[in-house]
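You will see subunit A twice below: alongside subunit B first, and alongside subunit C after that.
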Partner chain A sequence: MGNEDLLNKIKKIVTRQSFGVFIALIAIWIFFGVATDAFFSFNNLINVLRQSSVIGIITVAMTMLITSQEFDLSVGSMFALSGILFGVLTMTVGLNQWLAIIITFAFAILVGLVNGLITLKIGIPSFITTLGTMMLLRGAALVTSGGYPISGFRELSFINIVGGRFLGLPAMSIWFLLIAFAGYIIMNKTKLGYKMYATGGNTKAAELSGINTTKIKLIGFVLTSVAATIASFTSIGFLGMVSPTQGQGFELEVIAASVVGGTALFGGSSSMIGAFLGALIMGSIKNGLSIMGTSAYLQQAFIGLVVIVAVIINVQFQD
Partner chain B sequence: MKLFKKTSLLLIATLVLTLIFGFGYQTTTLAENDYEFRVIVHLADDTFWIPAISGTEKAGESLGVDVSFTGPSTTEIGEHVSMIEDAIAADVDGIATSLPDASAFNDIVAEAREEGIPVVGINVDAPDSERMAYVGEQAVEAGRVLGENIVKHVGEGGQVAVGSSQPGQTSLEDRFAGAKEVMDENNIDYEFIDVTEDITTAVERFIDYYTANPNVDGFFGVGGLSTHASSSAVETLGLQGQVAAGGFDLLPETLTAIKNGYAQFTVDQVPFLQGYYAVNQLYLYNEYQILPVDINTSAGVVDESNVEEVIELSDDGYR
Partner chain C sequence: MADYLLEFKNISKVFGGVVALDDVSFGIEKGKITGLVGENGAGKSTLIKICDGVHQPTKGQLIWAGEPVNINSPAAAKKLGISVVHQDIPVCDNLTVAENIFLGPKIPGKNIFADRKYMEQKTLKLFSELNVEIDPGKLVKRCTTGEKQLILIAKAMSKKAKLILMDEPTTALSPNEVTILYKVLNKLKKEGVSIVFISHRLEEVQKLSDRICVLKDGQYVGDLTKKEANEDIICQMMVGRDVRISQEYKENFSTEEEIFTVEGLQNKEYGLENISFALNKGEVLGIFGLRGAGRTEMARSLIGDFESTAAKIKIADKTVEIKSPKDAFANGIGYLPEDRDELGLLDNMDIVENMCISDIDQLTNMGFLQKRKMRKIAEEYQDKLDIKLSSIYQNINELSGGNQQKVLLAKWLILNPKVLILDEPTKGIDVGTKSEIRKLIIELTKNNMSIIVISSEMIELMSIADRMLVMSEGKLTADLSREEFDEELIMKKAVTELSI
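Our next item is the complex of A and B:
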């Protein structure tokens, strides 16, 4: 009897979607561990975690949004604009940094609401709405900054929260771990998470059972925009500067990380552990190839290959 | 006869000993020189870098060292910093990197130096970082060369548009500043236009400028893309002979335009030398503790007098 229980438990873990992602991550790590001496050094594993953090933070929120059957392509632009807005408020206007942070987050919430309301109230697919806001927000970042990067953040005390190291870990990675944990709790232990799965799985049925699906999706849009803003703050903490051109193409990397992690592209099914591992996979591939000194061309091709393989496996799973 | 035998034996012995020592000596030198250098640049898949890649390869071959050329395919500073971080983790013997932001690279360059890895800046400099030397053009000086050539082709008091694909990028701004000095001295009426990083849009920006200012005497660029666009605009508008064009870098399109008379000149920053000298400096530092020194690789001018030979060398990947 005891043996069977154990066997069932193992079976449950092995057939879990995120277990496959975990195996993929380990396989990639072994590959790079064999190919280079440096990959498995302690410092480099910390580097992998840090380098996965910006994409990872946004991936957590994007996974929730995709679960409720919507997309947000404007996250890369928001990653630039929120930092630029904060930079202009503090450096150019000379506003108090904490007030500037509050205004920046208020703006992020507004952007999430605009994305959501245009999509849900007017009935435009979120793919199109956020494609529009992606360009709009990028333009706004360039206009607001005059095209120039903004630096000088090291003088602000808020940099101690988003930059530097705690317990040997870069602040950026700690934010990533905290947000991934929060995402796990929301999706697995709260009503909101349950409602997101229900909304994405079958919107009509969810509505019939009394779930306000519009509200649920709106929350998803707001969280995604806010996550891009947090990611932007951690990037400022790490680099001490923000550029209006930063984050181009991040939307696709984020969606790729989420899908590699097992999120169903058509909503209703996802795993936060998988998404976390998906972001680590994207970061590990970049890091490993870069340690090997491979050319930039090869890196893109390799990441593309991994995404395609992951999506094929993903689709097989949905069937 | 005995003497002859003895002499030949001695000769053979000397020969064998020389060979043994010679070979032995060579192998030990090779083992000692087992250096690995990493060259990291922004926009690494830009055709601009082809001669720089040739330069690093040539230097690597002649010195018997291992050199890899890599970098982010975008201007994403975060990714660029990560790749330097990865080179440090890979424990390379030297790093040559472009430094396309005034402050964002300070921490990572300091980290490399702390780890005992020499760092040489190439192409774009960040003088406040701890890079040991800079190999590239002196941008303000190169900008003055642009200014002098603008005056030469449009005459005193002319009206010109000067395009940039990345306003705010330090070296492009410095080139413009240099050009401005000379243009101010010669009463040239200039407008600085943001042509974006997209070639089609860039050509249209020049065409739009012409629509608004039909009396314009010249289109110029402070970078490779904007220069390519300036000559394409002259060609598209059929203004050959009426509107001058030119600028920076040896993109194949720019060279062809000079040959066909759509552009008059381009300033060469000799990317080959940036790769070649940087690798040599890293080698000399590792081998003999010779400190890297600043090397100015600018600013020769290619015009109709020498464009034919330069095109040949460009096809071979050297210019």
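Our next item is the complex of A and C:
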């Protein structure tokens, strides 16, 4: 009897969506641990967490959006534009930094609403809508900044929230951990998460149950845009500057992290723990390869390979 | 005057020119079980969707407990206390049993949090009232269809609904589950809940219902009390028509020669049992059955699209093996599917391409399309079938349903099959084209083609078929010659297997 219980417990853990990605992460760590001396040092593992943070913060929200059956390709551009907007407001216009933060978040909410309303009210697939806004927002970032990076943020006091270190961890990592935890709670414990799963699982059934699926998806779009903005602030906190070209290709890295973590591309199924581990995989590869001294060009190819292998491993563990 | 909970006052519903409901007025009595019967397309499902707020009536007024109401969304219907158990069993496969039951605008739990423990306990309690055993924490994708149906019924109960409407709740249930459902319904009735029960199983409707209401062609025919009802009267009300076009004269080109015989077709998954029949050369063989009788499943099993077992199929005198639609076509069997949009049309391609696709290998030269040859063929069939179009290079999606159907028919005629299976060939097309297609079917048999027509439109079948098979619950229940055609008899045979 005790044996059977144990077996059942093991089976439950192994068939969880996040187990396969966990194995994949361990495999990658072992690989880098063997290939380099420096990978398994405490300081470097903290670096891994930091390098996963920006992608990770956006991945949390994107996982929620994909769960409810929509996509957002504009997150990479939004990651640049919100930082640029904040920079222009504080540095060029000279606005109070807290007011500028509020305006930037209001703008993020607006972008999320625009993405969502065009998709849901006009009926254009979110893939197309956000492909359009991706280019639109990138252009806006380049135009408003004149193509130049903005720096000088270290003089602002808000940098203390998004930069520096707390408890030995970089601030952006703390934000990542907090947001991932919040994402876990939302998806597993709240009514909103419940409704997102239902919407993505069977939109018609959810609607017939009296769920306003349009509203649920709209919330997902807004959260994703807001997450890209938070990620942008933490990046400013770490680097002290913002570039209008930053975040190119992030949208695909974020979706890859989410999918590696077990999110079904057509909605209804996802795991926040898996998404967290998926983001860690992205960070681990970038970190490990740069320690190994491989060229930056190789990173892209390696990430692509890992995405495919990780998803294959993940599928094996699901029944 | 009866005590009505919900009353329909002159309700009409028009979908893009098609009248689904035509001035329907009647009421649903409080605390009673009302049976609702009618042929396919009589408007039962539309009426239910109006109660549920999925559709809004084009004309007319709903009266709820004496007050006029507008039900403009499923959420509004739930607020009033109306719960619907839909026919196509909409559930979220990715959620657990308990999560499905409590899915709605108001989810149990404090503030923003969902209380899953409470839901599971409540679900256990609901199930124990229903006397069924399903693990509340089980994922719904691991449930049987019957269990899913019970989940939806439990869901309706959990809402403390005043009115529960059920659209064919028993089609997917095992006899054991059906017994459970009967008990549940009678229990709910005792507690004062009003129930509307739609079913093709007339015996079941009679047994359960206090009153039976009949719809026909979108109109309300009348009602019967439990005492008045018997199968003959109900069938008569369901099909009773003014004109008997079946009596019209029809040329018969069938011969004695058997061209296509099927012996012992089985398909467990779709409930097909021991189907055997023979089709004569030049014959129009009608197959009639109500929705869910397994007509389309049988046809698609015949052409090897669905896997079936133990079927011995002979073409002329030769036994053939049909494992895929390709084998079927190679042996001269053509199949025009019921679902034009999903299975028939090549979307956004032109008429020539749609017609020639079936014979495309013959129309290419070293891999290049022979456009001139294709055009000629398309023009020939456009002329033959009198397809109304502005150009043969027109996008197929721009044609009317009737003309689209003609294009698809042409696609098969180009191949000149020995046997042509037509699945609901006149579904959703206008009356004029319907009659043209009927004429065409007879015309084809004149040229020695043998045709099977599957339809749920009895009158139409009666007018064109030389012989008719009736299907019910995956079995053939009658083989009638043209002299034996009789609407009430056919309807009776179509519902015979449905009693339990």
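Just so we're on the same page, the second predicted complex is superposed on the first by the 306 of 319 C-alpha atoms of A that agree within 3 Å, B and C clash if a C-alpha of one lies under 4 Å from a C-alpha of the other, contacts with A are read in each partner's own complex, and residues count from 1 in each chain.
Quick note on the criterion: contacts are C-beta pairs under 8 Å (C-beta built on N, C-alpha and C of every residue); 3 or more make two chains touch, one makes a residue touch a chain.
Bear in mind that the values here come from a model prediction, so they are computed numbers and not experimental data.
Under the clash rule set out above, the superposition-derived model of subunit A with subunit B and subunit C shows the two partners fitting side by side. Subunit A is touched at more residues by one of its partners, and among subunit B and subunit C that partner is B.
Across the overlaid pair of complexes, the angle with its corner at the CA centre of subunit A and arms to subunit B and subunit C is 130°, in steps of 10. Using the contact criterion defined above for the overlaid structures, shared-chain residue A:A206 touches subunit C, although it does not reach subunit B.
Looking at the shared chain after the overlay, A:T190 reaches subunit C, while subunit B stays out of its contact range. Applying the stated contact rule after C-alpha superposition, one finds that A:T36 touches subunit B and leaves subunit C untouched. Shared-chain residue A:S235: touches subunit B; no touch with subunit C. By the document's definition of touching, of the two partners only subunit B reaches A:N287; subunit C does not.
Across the superposed structures, the minimum distance from subunit B to subunit C, using CA atoms, reads 33 Å. Applying the stated touch rule to the two superposed structures, the subunit B and subunit C interfaces on subunit A have no residue in common.
Interface residues of subunit A facing subunit C in the complex, by the touch rule stated above, are 189-195, 197-198, 200-202, 204-212, 268-269. Contact residues of subunit A toward subunit B in the complex are 36, 38, 41, 43-44, 47, 51, 54, 145-149, 151-152, 235, 238-241, 243-249, 286-287, 290-297, 299-300.
Chain contact summary for the complex, subunit B toward subunit A: residues 36, 38, 44-45, 68-79, 81-83, 85-87, 89-92, 101-104, 106-107, 166-168, 194. Listing the residues of subunit C that touch subunit A in their complex gives 52, 54, 73-75, 78, 84, 86, 90-95, 99-100, 103-105, 107, 109, 112-114, 155.
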